C-alpha cells in the first residue's frame, strides 16, 4: 500500500497514526505540509528515521522546494508528480487526511 | 455477492461536529451501501468519538446523526470496526459505543467490533479502494 | 491504468486542489485514463465560474474546465453543492452536478482512487 | 462592551460559523455592542444567497442577513471574496463587500476581537 | 488573557502550544473539538490536570453535550455561550486556531 | 505614535503553502501597517517555516511570498518575532530566516528577532487585540 501523509508532524498526529497501521512492504509519500517531516534535524526526525529501517519513504519535490527544505533525511527519496503517479500505479492508496 | 465484488473501505479519523466530514461521510456510506460493493467502515483516531452514545447537538443548533448510526446494519453496513488503542487513549469503553443495529435472531444490540491495529492494517491491504472521511 | 480523484477542499484556501491538479496532469502525461474527478465537501467550490483571482495567479476553475474539455468526467456532489450555494448557473463549462452514486461508480470502476483534502 | 468577530471558515464545513453565530447572539442578549463581523479566508462563503440547505437544517446565510438587518455591520473581504467567487450578485441582504481596512478599523475600535476558524 | 482552544488535543498541538505561552491569571476556554480535552480518563487528561493547578479552565457546554461527554475533568468549569461572552468581557483574547 | 495608539499583534502558527492562511494573513499585515496602530508579528509553531529562506514554489504552480517578507521593514513592520523553541524543534537556525529589511544606517540585513516563550507571553498580555493568521 501507499500511504500519503499531507499534515505537518509538528501540528498533527496523521504521520504517527499512519505509522501505527503500516504493513511490511508499504510505502509512505509525504506531500503538502507532510514534507516538513522530511527535514533533517527536527524533533520529529526520529519518527521517519525509524520507519525507514523497514519501509520506503518518499517526499514530493514540488512541496519540498516550496518550503525551502534543502536537507532531507538520509534514505528519503524525493520524487516529482510523475513519480507520485508511478507509486499510485504500483500500490493501492490510503490518504491520511 | 460474487467474487469480483469490489471491497471499499471507509476510514473515519475526525471527530464529529467540529467539521462536516463525519456527517457528509455518513451520507456517502448510506448511498454506497445500495450498490454492489463489499463495504467496511473503520473508526480510528478522533473518529472513534463519532461513535460515542448520547450526543446532544441541540444547544449547538445543528442536526445530530446518532440515530443514523443506529440503522447502519439495516442498511447492510455491518462491517463496522473501531480501533482499540484510539478508544483507550480517548477514554472510551465498549459501553460508550452507539448501537448500530439489532441481531435478527437474538434481538441483541449490535455494536461496532473492537479490533487492533494489526487487524486494521491487514484489512486495509485487502481493499480495492479506501475513502477517508 | 484507470484512476479516479476525489477532492475535499476549496480552491486557494487549501493546497489539496493544486496537488490534485498536478497529479492529474502528470497521470495524463503518462497515458493513464482518468475515470473521473469528484468534488465533495468544500471541494465543490472549485468549479464556480464567478472566481476572479489576481491576474498573475492561477485560475483554478478554468483549469478544471479545461480538463473537462479533454473528456474527463468532472462531477460535483449535488447535496454538498446545494448546501454551499454551488448551482448550475455558476458552474464552469465541462463540469456537471450529480449524486453520490457517481462517486460510488468511480470508487468501484477505477483501479485506484486518490483522495486530496484536509 | 464593543466586540468584533472575525470568521475564517466556510459554513457547514466547519463549526466556526456556528460558534461565531451563537457567540454573537449571546453577546447581543447581554446588551453588548457588536462593532462588526468580518469574513475572511473561506469565511466569505458564509453569505451567499445561493445556498440551499435541507429544510430541517439551519440556513446560515439567512441567519447572518438577519443579524445585518438588526444594524450590525457585516463585511466580507473583497480580495478573499473575488478569489473564491463571492460577488455582489450572490450576496444576501444586509451584508457588504469591502476591503481589509474595515477589518483594521474593527481591530482598533473594538475593545475585544474574537476569532473563529480552523 | 483568555485563550480559546478549538482543536482536539489528540490530533493537533494547539492545546500544548497554548500551555507553553500562558501567563499567571490567564484562563483557557475549550470550544468545538477542543472539548475532547475536557473528558476524563484520556491519554491527554494530564495536560489539563496540570494546568488546572495554576490556571482556570472552562469548557463550552454546547460542545461538551454535542460530543456526548458526560464526565469532565475535576476542576473544569462547564459554561454556556453567555459565560463565553462574560469571559471575553473580562479578558483580551487569543484564539489558538 | 501617540499614547492611545492600539497594540495589535498577529500570531502566525501555520506553515506556508499547505493552506492560504499565511499568504492572506500577510495581506492583512501590509494593509494594517498603513493605519495608526502599533503592530507586531509573532511566528510560532509551524509558522516559523513561513520565514524559511529559499522557498521555490514554481513546481507547485503557485505564487510565493518570500519577496514580500523582504520589505516588511519598509512597510514599517519591524516588530517581527520568532519563537526560539519552535525553531529548534523544527531544525531551523537564525541563518535559515528570511531577511525582512535593511538597517538604514549600517545597511546590514535585518532578520526577525528570536525570543522565548516568556517574552512572547509578556508581549501578548500587553495587546489590545491579537489576530491569529
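Chains: A, B, C, D, E and F, in written order; residue numbering restarts at 1 for each.
The rule is short, and it goes like this: contacts are C-beta pairs under 8 Å (C-beta built on N, C-alpha and C of every residue); 3 or more make two chains touch, one makes a residue touch a chain.
What you see is a predicted model; the values in this text were computed from it and never measured.
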| item | value |
| --- | --- |
| Path length in steps (a step moves to a chain that is touched) from chain D to chain E | 1 |
| B-C against E-F, pair bridged by the larger set of C-beta contacts | B-C |
| Residue-number overlap at the chain A/chain E interface, same or different (half cut) | same |
| Identity of the chain that, by mean CA position, is farthest from chain E | C |
| Most remote chain, CA-based centroid, reference being chain A | D |
| Angular offset of chain C relative to chain D [C-alpha, multiple of 5 degrees] | 180 |
| Computed distance of Cα centres, chain F from chain C, in Å | 34 |
| Inter-centroid spacing, chain D versus chain B (mean Cα positions, whole Å) | 34 |
| Interchain centroid distance [CA atoms averaged], chain A/chain C, Å | 24 |
| Touching two or more other chains - residues of chain F | 17-18, 20, 45, 60, 62, 128-130, 132 |
| Multi-chain contact residues (two or more partners), chain A | 6, 10-11, 13-14, 32-33, 62, 80, 92-93, 95, 97 |
| Set of chain D residues in contact with two or more other chains | 8, 12-13, 15, 22, 41, 57, 112-113, 115, 117-118 |
| In contact (per the touch rule at the top): chain pairs | A-B, A-C, A-E, A-F, B-C, B-D, B-E, C-D, C-F, D-E, D-F, E-F |
| Touching residues (chain side chain A, partner chain C) in the complex | 4, 6, 31-33, 62, 80-82, 84-86, 88-89, 92-93, 95, 97 |
| Residues of chain F that touch chain D when the two form their complex | 6, 8, 20-21, 24, 27-28, 31-32, 35-37, 128-132 |
| Residues of chain C that touch chain B when the two form their complex | 6, 8, 40-41, 79-80, 99-101, 103-105, 107-108, 110, 112-113, 115, 117 |
| Chain F-touching residues of chain C, taken from the complex the two chains share | 12-15, 18, 21-22, 56-58, 118 |
| Complex contacts: residues of chain A adjacent to chain F | 6, 8, 10-11, 32-33, 36, 39-45, 61-63, 65-70, 80 |
